[in-house]
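Both of the next two complexes hold chain A, though its partner changes from chain B to chain C.
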Partner chain A sequence: MQRTTHFRTGAILFLLPALLLFTAFFLYPVGYVVVVSFMKWDGMSSPGFVGLRNYSALFHDEVFRISIRNNLIWACAEAMIQVPLAILVALLLARKPKGWKLLRTIYFFPHVISGIAITMLWGAIYNNERGLLNGFLRLIGLSEWEHNWLGGLGSAFPSVLVYGLLYIGYFMVIILADISSVSQSYYEAASIDGATRTQQDWHITLPLIRGTIATCVTLAMVNGLRQFEQVLLLTGGGPANNTSVLVLYLYKELQNFHYGTANALGTVLIVLGGLVILTVRKLFNAAKYDM
Partner chain B sequence: MKINALLEKLLSWAILTLFLVYTLFPMLWLVMASLKTNVELLGDPFRFPAPPQFGNYVNAFKSAHLTLLFSNSVLISLSATALNALVTSMAAYVLSRYKFKFGPVIFSTLITGILVPVSALMVPYFTLIRTLGLYDTKLALILTYTAVSLPLSVFIIKGFMDSIPGELEEAALLDGCDFYQKFFRVIVPISRTGIVTAATFQFLSSWNEFLYAMLLTSSEQVRTLQMGIRYFASQFTTDFTSMFAAIVISIIPSVAMYSVFQNQIISGLTQGSVKG
Partner chain C sequence: MKKRTLWLTLPAILLVISVLLSACGESANSGEASEIEIKFPSIWVAKDSKAATFAQIVKDFNEQNQGKIIVVVEEIPDYGAYKDKIRTNITTGTTPDIFSFDNPADGELYYKSGNLADLTPYLDEQWKSTFLDHAFDNAAYDGKVYSIPFEFGVTPVLYNTKLFKQAGITGFPKTYTELFAAFDKLKAAGIAPATQMTGGDGWVSMLWYSQLVSAIGGPDVYKHGLDDPAFVQAAEVLKKLFDYTTGDAVGLDNAGAHFLNQQTAVLLNGPWFIGRIKKEGIDNLYDSVEVAPAPVYEGGKGQAGQYIGFTQASLAVGKQKDKKKEEAIVKFLKYLTSPDNVKKLSLDSGSLFVIKYEVTKDDKVERLQTEMKKGMEAAPYITPHFRASVSPAVGAEFPQALSGLVLGKYTPEQFVQQLKQADSK
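And then the complex of A and B:
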């Protein structure tokens, strides 16, 4: 009997720190964001309840509209460009060509390095005067294509968006792992029936890894909603707020002590994230898919 | 038929090589640029540096106080990793090995945290850290980083602990282990792989974190390396090559970590356990 109480004390002691941290950094903040989003508050004077006014102000706000548009484009681009490319490369590596393990390692590389380092590197690549991209265009005789990539109204957002989409290592590793867990007997049976490797991929592999693809699409879209560093460092949201995203806008509102709108933006982000998860789950209708 | 197969092979090699070049070339160029003079960099961006300017690295260390930034980052990341490993493996132990009424509810609540976009929680984190009187301290970042990856770590470590057979624990009980001895002497050593996997992810994400480092600190004494290279860029815009050197220095620990724990990282992702 004494033993059980001793174990109970131990269990409570062991759970307590995690629960405290979780409450302080997840439960309380999420509630706080939602509640304060209905208030007008500068962080110092006493907050006043304003109902939905923060939200209606946001929806009439040009920068908010651009930000949400950019985030949605980003989320869709990740889901429709990055994930399919990751699937393609995973299927190719699953055939175990020479050096596939090394390739897997290298493709993952950009996900180990900080977003700051990668972004600053790309800042140097896009740089107007001494950038690598313009230098390359000059080198191959296409100097009329030279461009102020991050300063041009039309090119700024695509430039900020596009380079990350081609870093496919993260999803590729997850998908590759799932492919290698598919039982070989399916493929043997299919080859006896005369199916080519490509046909096998299309009719056997892809349907069987649907759950993992759904996971990757969710992660990719949520990632598109969370973008921040790329924009902050490359353009700061400019030119003319054309590259703004929700997290950057939230950060700016916080710095201006507009805590009400900042939290309304936070709530929008949380809701969008939840919607993405529900939608993808519905679309893929995957029983195996557990998030 | 044969031509088709050959064509397919060529195409697949072309795709794989394209991604290889895309991934590697910018990084190699970065290292190369960090060894050039600023004049060389302006000239032909593709030429090899002749001779290599290791002085850029010295400059980077001097002008950006990299030693301070580096040690701040090491201290913050290692502390957050250690704290996170301890707190989460304790919680995972109880949730995995003890069946009690609220256990499943607590666990599923904890792991929904994986899906919460923590960048949406900037305002509460900011006010919380201020209220605790921790603004502009290393402890603010250590606590935040520990907490932010807590759900993911609990999830990974509990997964490993779940696969430990119950007999081992019964044997430990017969040998007279109490609750704490059982945890530290039996469970932790066996779950080492899981704990190391979670810790690797934790270290990398703390080392690379930027948003909260920017939001919760301001003075140079507590600045992290990621913040440092950003300031470096805005302060010394003419000295591009030293900036590149600073960036190279900032990625060395991540690359070293990845090289050592590569299999951990890949198998961690492989078990489908990384979903955040």
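And then the complex of A and C:
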């Protein structure tokens, strides 16, 4: 009994520095963001309290509405397209077809490269005049489909969004790792009962890796809410703010010396992040899975 | 148990490291420094046309003041990143010893922050007399001078005579009616008439808009704010100008490239672009480029030959606790802005400055720079560009509102409304 008490005191003492750092570099800044969101401040002169004015201004603001819409589309697309694709590929690779290790590396490879480099690469692909995409369309005789992909009101957002969904390696590796931890005895029993591989995946693998899928969906959705560099580098939020997302809008508001609005946007992001986590936990009944 | 021990030791190790690091920092600070170090984050580096001469000036100064003062240049070639850094520094009270800024609208906020050194006591008659008249008009705030105006920008029309000839046009059009007629000819000859852009800060199109706004509304147009009908009318013409540009104009952020590759015949830009025409332009491009003032808008309040001009770079000093350091910084500023050094910078790069210097017959002055200077001196008046005349938020919204206008999302009235809204937060 005494040993346990000693251990607890030791643990608290040892955890204290980390807790202090966490408070100084996370809790305090987040609190500060919320406080400043109620102020009108240009970042230079002294701030003034304005109550909920920053929030009401945001909710009447077209760019804010576009940004929220884009972020939600992004979060849903990642959860409903990227994660299922990752699951599918992971299930196929888990059957260990010939060359599966090489394939696994290939799928994961884009995550080793900086996101900025990949985005710039896609910027070159979409380029209106010299880009690969228009060049390819010309080559196959579809030159009437040529388009200023990142400059059109309708095409800019899908163009910015869609390529990110192709990079599934990160989630695939997590899911694949979890699949490999499922005991072989379940599959042996199922195959004795005559279950096909697909039936085994559907009735054994998927239910057993539900916790991991929930984690991936949460990560994907939060990723969708945090989008920034893809938009900043490809379109800067344009044309006519049509590709704007919350973090980019926040960044621009900081540049415009609207610190109050920027912090209100930060607070909205924190709340959205929290809501996403709660929704996913609810949907997957994930409390059971130690998420 | 082993794992647990590791878990518990980790924060302790972190703590020890952070204590050690902070101790190192302290010892470095407490060391007595006999040499004054001046930190100068600068954009006049890398590919900038002033980079080589600027580096030489700093080197010369450091040699002359060896053991006493050393200017350390922090190279930041990306202008957007530079702006972000300066703003963050000022907001957090870590203002650099010297820095430059381009927009008077930003400058005013910097002055208000209280983090800039008051340069009034150092600005004696002798130093002041080396500057052009009215150079300090926008540099004062509350009766005190917080920045030294340095580089001056004018943005006339640059046009490619070779392409004009191909389309059968002689000379640059004097009115907008003539301009559109000439643009039709260029288009018919398969040449994209003029460069436009909505990417980045929309710089080139912002300059067209500035030309149009003052050609329609006259030199005092900004006094009436965005309510002046000239802003809507200018938007209509600007929208039409987008029918005469490259297919990638919406979203384009490196507008100079098309002109340098001879894909477009007209570009609005300043003297700093002369260096790029020589270095990056296709063979003999420099010889085909001529300068002209923007056309007159028939029925508008503007006059022929009007120029868009503005202080392109001002130098400011961060507030100093140490008087000796402040004096050292001013010593360097005086050196950098001395007529001799400014002359070197100007002749090497083509850029214009607000500091007077003598040109002798032996000096090799750029042809285009001389033409720009002549045009500027002959101009009936000079107005600043749009972004320098509105709040930073309106300037930032411009490219977005413009792309909406060009793509038909906004009418010219809605375009101006978008700009007004950006200001209201």
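Just so it is clear, the second predicted complex is superposed on the first by the 264 of 291 C-alpha atoms of A that agree within 3 Å, B and C clash if a C-alpha of one lies under 4 Å from a C-alpha of the other, contacts with A are read in each partner's own complex, and residues count from 1 in each chain.
Everything below uses one rule, namely that a contact is a pair of C-beta atoms (placed from the backbone, for glycine too) under 8 Å apart; a residue touches a chain by one contact, two chains touch by 3 or more.
Predicted, not measured: the structure shown is a model, and the values here were computed from it.
Chain A is touched at more residues by one of its partners, and among chain B and chain C that partner is B. In the superposition on chain A, A:G43 contacts both chain B and chain C. Residue contacts after overlaying the shared chain place A:P110 against chain B, while chain C stays out of touching range.
In the superposed pair of complexes, A:L225 makes contact with chain B only, with no contact to chain C.
By the touch criterion defined above, A:Q200 lies against neither chain B nor chain C after alignment on the C-alpha atoms of chain A. Touch criterion met: A:F26 reaches chain B, while chain C stays clear of it. After overlaying the two complexes on the shared chain, residue contacts for A:A11 are found with chain B and with chain C alike. Of the two partner chains placed by superposition, only chain C is touched by A:L153; chain B is not.
With the contact threshold set out at the top, residues 10-11, 14-15, 17-18, 21, 43 of chain A are in contact with chain B in one structure and with chain C in the other. Within the complex formed with chain A, the chain C residues making contact are 8-12, 14-15, 18, 83-84, 87, 90-91, 109-110, 112-113, 198-200, 246-253, 392-393, 396, 399-401, 403-404, 406-407, 409-410, 421-422, 424-425.
By the touch criterion stated above, chain A contacts chain B in their complex at residues 6-7, 10-11, 14-15, 17-19, 21-22, 24-26, 28-30, 32-33, 36, 43, 88-89, 92-93, 95, 97, 103-110, 112-117, 120-125, 130, 132, 135-136, 139, 166-170, 173-174, 177-178, 197-198, 212, 215, 219, 222, 225-226, 228-229, 233, 247, 250-251, 254, 259, 262-263, 265-267, 269-270, 273-274, 277, 291. Residues 10-11, 14-18, 21, 42-45, 54, 57, 61, 63, 127-129, 148, 150-153, 156, 235-241, 252-253, 255-258, 260-261 of chain A are the ones touching chain C in the complex.
Contact residues of chain B toward chain A in the complex are 8, 12-13, 15-16, 19-20, 22-24, 26-27, 29-30, 33, 41-42, 44-46, 87-88, 90-91, 93-95, 98, 100, 106, 109-110, 113, 115-128, 143-144, 146-148, 150-151, 154, 178-180, 183, 204, 207-208, 210-211, 215, 226, 229-230, 233, 240, 243-244, 247, 250-251, 254-255, 257-258, 262, 265-266, 269-272, 274-276.
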